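Could you have a look at this structure, given as structure tokens, before my questions?
Letters are used for the chains, namely A, B, C and D, taken in the order the chains are written, and counting of residues starts over at 1 for each.
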Amino acid sequence: MMDSGFDRRDFLKVMGWSGAAVALSGCGNTSIEDGKETVAPYVEAADYVIPGIGVYYNSSCAQCDAGCSINGRVREGRVLKLEGNPASAINNGRMCGLGQAGVQHHYNPDRVREPLLRNGDKGETITWDKAYELIAEKLSSVDGEEIAFVSGGVSGHLKVLLGNYLSSFGCKNHFVYEALAPGVVRAANKKSYGVEMPRYNIDKAKVVLSFGADFLGSWISPVHFSQQYAQFRKGTNGQRGTLIQVESKMTLTGANADRWVHLRPGTEGILALGIINALGTAKGDIAAAVAGYDRAFVSKETGVPPGQIDKIAALLKLRSPSLVLAGSAAEGYAHGSQNAEAINLLNYVLGNIGKTIEAAAAIPFPQMAPAKGNTAALKTLNDGLAAGKYKVLFNYAANPVFTAPGAMKFKGNMAKADFKVVFAHYFDETALQADLVLPLDSALEDWGTHVPEYMVEGAQINIQQPLMEKIHANTRGMGDILLALLKQRQADEYKNYEDYYAYLRAAMLQNKAALGGVDADDDTFWNETLMNGIVKLEGEATALSGKPNVAGLKLPTLMENDEEYPLHLIPSVNISLRDGRHSNQPWLQESPDPLTTIVWDSWVEIHPKKAAELHISEGDIVEITSKTGSIKTQAYLFPGIHPEAISIPIGQGHEALGRYAKGYGANPFEIMDAIFDEETGELAMHETRVKISKTGQKVIVVKDESAAGAKQIREKIAGRVSTDEVDLSKEV
Amino acid sequence: MSKRHLLALFSNFDEAELVVQELRTTKIDGFNVNDDMVVKSAIEHPEVEEFLGEKPVYVQWFTLFGATMGGLLGFFLISGAQANFYAQLKGGKPIVPLPPNFVLTYEMFILGGVFITVLGFLICAGLPARRSPLYSANVSEDQIGILVKSDEIATDKLKEIFSKHQALEIQEEAGK
Amino acid sequence: MSVSNLLENWSQFRHAHPVDDKPHDPYKWAMSIDLDTCSGCNACSVACYAENNLPVVGKEKYAHGQVMHWMRIEHYWDENLGEEGGSEFPDQGAQFLPMMCQQCEAAPCETVCPVGATNHTADGLNSQIYNRCIGSRYCSANCPYKVRYFNWYDYPSTDDVWPAEMTQQLNPDVTVRGKGVMEKCTFCIQRLHAAKVTAKNEGRIVREGEVQVACQQACPTNAISFGNLLDPEARVHKQWKAQQVELDKDKQLKDEKEGGTELRGYRILESMRPYPSVMYLERVRESAI
Amino acid sequence: MKDIREDIAWAKINQDVLKSLENPRKLYWWILFGAIAMLGIAVGCEVYQYNVGMGVANMDNPHMWGLYIATFIFWIGMSHSGTLLSAILHLMHADWRKPIYRFAEAMTTFSLLTAGLFVAVHIGRVWQIYYALPYPNDRGLWPNFQSPLLWDAMAIFTYLSSSILFLYVGMIPDLAICRDRIHAGWRKKLYTLLALGWEGTDRQWRNFRVTYLTIACFLIPLAVSVHSIVASDFGMSQAPGWHVTSFPPYFVAGALYSGCAAIITLFIILRYVFRFEEYMTLPILKKIVRLTFAIAMVWTYLNAVEFASVWYSHDEASKDVLIQKASGTYAPFWWAMIFCGSVVPLVLAFKRFQTNIPVLFAVSLLLNLGMWLERWMIVAPTFSHGIYPWAWDHDQWPSFVQWGMVFGSFGWFTLLFMVFCKVFPSVSMYEVKEMVYHRSLHLKKGKADEQGAH
């Protein structure tokens, strides 16, 4: 009686539990839908299955490349929820929404279940052996140069196997393609700091000046940066860190900034140099290089008021160390490299290098180090396809048909290859173009090792292990597939490895010593490795180079206004949908975009002032036209964007990818021009110019935000104070 | 000694009144005015009180009882029920919050009152009743009926009185 | 039974709560959310979907306002943004606010439920009993925060909400609600209960850090802290203490101080006297820039 | 303009009234069929809603309540006039009530029955509705007696059962008449059964008088309490626009108002259909009309009081709701309500309209429309513009399901009422006789005095 509230819940629990049990029926989840599976009574269950008790397994999150370690809750042989693995330095037991949705990637009803061979315009189911034979046969007829292999970022043993496979027929065309990779920043960092991916210590900085780096949302390693950010906000002895975000379209990070500075798209570099100039601490050639960038000029170019520039400079002077970040907004232009370098230069001038920017350790096994995805690869691939260089095309963990700029006509070019093999989880746009579709295990069913690109402390290898049995009998892990394919070519080399698991185990045990298991016997070492989910290593120290050279630094002044296409198109990266490969995970579709709270759709953000000029109001269906093409979507008036720019989120507008993604919204890639960064050849995603026009249709925007338009009325709901009104030192 | 019934019908009330007075005044043995006479009418005549003399009505006592019981039952049933929730506060209010209980007590008070009153009515008015041996549908229309019960010997005397006052009709119980 | 019971325990039946009631013992679950570190990333909300079997209603029903997110991330602009005299751009960013059931100590929803389906539990939760609920929806009508969500449809049997494969993800510790019942944030009561049972078996009370709610566990910035307000070790206890926010006040003493204290703890709609169990810490913005 | 004749033969009264019970004309069947069809629509909607879920009514978070609750209040309100006529006027010895109170009372009962249905239709799990009843059970589970909804349930149950008893007891003498006049068929059996062997003996009349009076005394405070409690469903909550002190009297006034309007409507219809010109005379109509006018003004006043008290309060939220009502999405309906409720009744102030049947008929319908709108305007705007701005919503337009139920409820009411007035005398015969009798007495006395003067 004392807590009958709970008693009732107990009852409910039982209900829920048995209800679930009925729906799930036993442990062997092979072929749920055709009801062939047998219900295994719990008394016969594997000894780790204790009815009603959750068991936790460590593994790695495969939703993005940040390399968070996860801790999966498994009950009655089913994975229920993914928590963060507290042992990981990257996410310390934390998880982002995207990572949480990993289970919906795994349980997704639209997964590919059988190997399919194109027959006319529909696929016919074939056996794996048949599929392997087919590949072998096709490969035998072409030589290595005529084979292209497209993949997303790969690392660890999978990368090794893939490398071995490609070299087994002398193919050098491995295109590592990630639609949203910080390619330009890597290059710029290499030039400025001597390393591609240094370690950023946001938590150590007193001021963070970010040029469009959405490190809380989608940039490099968001979950890790978020934790640093929390520390940075708490500050040391009450000295709270200050975040200044400079960008043309407000990102999640921008929304959390103390000062959000909007500037004309593409002028980030100029502002950076202007700030150096305003600081006045630079000497020698740097001083010379920035001499021209005085307040008046910079202000004219960027549209940032002179006073603002001074304030920023003053604050940077006042509080040290600080940290300056160059993000995707800065790099997305034809002169992206210059932008990035100019911004990095600011770090040098402020003397942050070595304090808030440190060299990260490198993984001692270079062959396992991540093959970094970029967009330059896409260009080469596309040109090759267009020229008909490639007869056979493999595609894995990338969806170029969806993410390639419309101007590239990738879909058409892809058709020129006469045999296209796609390893897929779902029928995405690329899989639909394939001749042979091979179904993959989900990340929660597969083995693997991953090496994150952004190392937090020392180096680490993440272990990926299955959290439950396969849902679909006929899917395979990528590793197993590669192994099988390798066996076709070098049977005797791989004959000892019955499957990828065996290979992985052997490979790990081989380097037991180097992996910190010197005096452990194989089984103990292996089990501990699996238990931890992470192998932490010293890593090889790398050094930051000294002084960057500013000779090459040349920033275009005021970009001439395009009369026909007056607006800049900013394809924004949604925190949960990213490049669109996750759009079929309903939780992500239904979790509102933080800034607009719009769900299940695309929208175009326009500044209210601009909208008034164009007589556009919320919910108007507008047509956005570029040189390349045009798309239609709903308008949303958004104050956090430069009036000369409009922004459309990436990730929607799928023509495939299953019931939760197909037919929602529009895909901004379709109208993207093929403009590339002059230095790195990376795709300049922010360069596309567009015009916008009303179609006359109007819809009610589906969003969580209310008619009050995200304003607090009457009552105090979300309180705010300025730093001089609070004393954080007393806080817990 | 067996009794016989007589029913006389009168067109208007004044006649009936005279009849009743005469029956009262004239001494007829085998006939007792107070017990053996019933006046039937289509409407409720306040005057009936006057010439039949005060007769007590007990319905109010039922009402009093019903209302009180209803009220008490209401209050204690509700408070008692609420007392079961002592582990589950609601909205920070006391477990036995008086204001709501008073509202409900009030309703129960009325409910009990009405129900028992009706019960009382049925009892006091002797309803549902078995139909009396002599009845004329005219009574429910516009005529006044006087039903008397008497020994055989009184019958003629009564008839005579009735007819003297222009009784429209005199019904007599079929003899045995 | 009842009359004698009434007479014996009359005095304790007449306590008002939380004002003059005996304090909770040994548990009073409470939360505090630091709006300065909250980045509005939605991780908590998704974690809630995963933990509590929340249905994904889809675009059409979302458009009708029938979404079921127990925890919603609200974002606010400056009052004067885009208005006369105000700035045209949000140059101080936005403000995010995770809003879920505030587990009020004197919950307006509890008094009005005709069947007593929502009650106050011994450890200070506002519990919702699904199989008692008849769906009069009076509780939501009376909820100042509008954080109660009604099952307008029978989601388990609705297409594409939980296809066969997805049902395997459902958390067996949490029931799947059918049509016509009200639901809301429970402070992950299934986790609390499990922790309490373990503690009870070991003859102690639940320790700080022993139990985490799903949103707190996921939060990348650790903005959410949750625990037993009565436990001096608990972070939440320390925070409430440090911020001088008291559970049973409808107006905090510190707010009456001249010139304000340098504290940022507050509770939403406190003046309506629901005595919420969630304390928010105001967002801070740099004055030097 | 003639009132009831004092020399009208009592036998004629019986005939005329009993005539209304005779075999109906074609028109009757048509209307009955129509009513059943309307009811059918509502049933269809309910079946659909029951199977698919409340969502099909197109309510949402936070628009938790819709037309169901509004219409529920409407029907409860309508029930009050019956009591007004039969109980209050009875105590005040207002003779003119006698020919018309019977159908007014029937109206009370039936509108209560209709209102009850809306509770069932409204709740999410109608199959569990019995949870709301205080039935003893070994788990010690009781409904929550703190909830105004439960007070509602209690009050309405009390009110319904009491009015049914009141109606029945008051009808017993007439049932006896029917028993005596109708000699065949099921009717005979029915009336014989229901008349309980009433013979109009002095003893029966004596107890009858007291009982009738007592129940009347109980009914008046009951009626007042019922609608005050309905008002507290809103007044007891915290929601802006509901949390208003003057709600109980406001609701009661509104109730009597809509009731009187409904009486005028039915008065006119019955008068025409059953040719009751003899009994439902124009002077009586005039009296009701004046009464209605008075109540209309009271309602208008209380309305003003509510607005004023909100306007001069410091409750910004409530102010906003008021402004929303007058200027927001609901503005047209809100102003329509003001017009129908406060402007239209002004017509009744003019003597020439007080007996003009077509005008009165139209007006009475408008008044009822206004009263229905009032209920809707109490329920809906508060939801779309409550305390918490984030939950403000694009206003939800009720779906056809909700409208269908509202529509159907009128069918249900009509059905019940039409059955009633074919089975039971809708004019109280014995009381009309009393009325006539007393008038004639007065005249006699009058004559007598004149002679005495000579």
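We adopt the following convention: contacts are C-beta pairs under 8 Å (C-beta built on N, C-alpha and C of every residue); 3 or more make two chains touch, one makes a residue touch a chain.
Just so it is clear, the model here is predicted, and its values are computed rather than measured.
Enquirer: Which chains are in contact with both chain A and chain B?
Expert: Both chain A and chain B are touched by C, D, going by the contact rule given at the top.
Enquirer: With contacts counted as defined, which of the two, A-C or C-D, has more C-beta pairs across the interface?
Expert: A-C
Enquirer: For which chain is the distance between its Cα centroid and the global protein Cα centroid smallest?
Expert: C
Enquirer: Need the most distant chain from chain D, centre defined as the mean of C-alpha atoms.
Expert: With centres defined by C-alpha atoms, farthest from chain D sits A.
Enquirer: Based only on mean CA positions, could you tell me how far chain B sits from chain D in angstrom?
Expert: Taking the mean C-alpha position of each chain, the two centres sit 30 Å apart.
Enquirer: If you average the Cα atoms of chain C and of chain D to get two centres, how far apart are those centres in Å?
Expert: The answer is 44 Å.
Enquirer: Just the number, please: Cα centre separation of chain A and chain D in whole Å.
Expert: Taking the average C-alpha coordinate of chain A and of chain D, the gap between them is 66 Å.
Enquirer: Which positions in chain D touch two or more other chains at once?
Expert: Residues 141-142, 144, 146, 150, 387-388, 390-391, 393-394.
Enquirer: Mind pulling the chain A residues that touch 2 or more other chains?
Expert: Where chain A meets two or more other chains at a single residue, that happens at 2-3, 5, 700, 705, 710-712, 715, 717.
Enquirer: Note the residues in chain B that touch 2 or more other chains, in rising order.
Expert: 77, 81-82, 84-88, 90-91, 93
Enquirer: Show me the residue ranges of chain D that touch chain C in the complex, using the header's touch definition.
Expert: Per the touch definition, chain D meets chain C at residues 52-55, 58-65, 122-125, 128-129, 131-132, 141-144, 146-150, 153, 233, 236-239, 383, 386-388, 390-391, 393-394, 396.
Enquirer: Would you mind writing out the residues of chain B in touch with chain D in their complex?
Expert: 38-45, 48-49, 52, 55, 57, 59-60, 63, 77-78, 81-82, 84-85, 90-91, 93, 97, 100-101, 103-104, 106-108, 110-111, 113-115, 117-118, 120-122, 124-132, 135, 137, 139-142, 147
Enquirer: Applying the document's contact rule, which stretches of chain A touch chain C when the two form their complex?
Expert: 2-3, 5-6, 8-13, 15-17, 19-21, 23-24, 29, 32-33, 52, 75-76, 78-84, 91, 93-97, 100-101, 103-104, 107-109, 216-217, 222-223, 226-227, 229-230, 233-234, 240, 242, 244-245, 250, 252-262, 311-312, 315, 318, 471, 575-576, 586-592, 594-595, 597, 599-601, 607-609, 639-640, 659-660, 664, 700, 702, 704-705, 710-712, 715-728, 730-732
Enquirer: How about chain B: which of its residues touch chain C in the complex?
Expert: Listed in rising order, the residues are 76-77, 79-96.
Enquirer: Show which residues of chain A lie in contact with chain D when the two form their complex.
Expert: 700, 705-708, 710-715, 717
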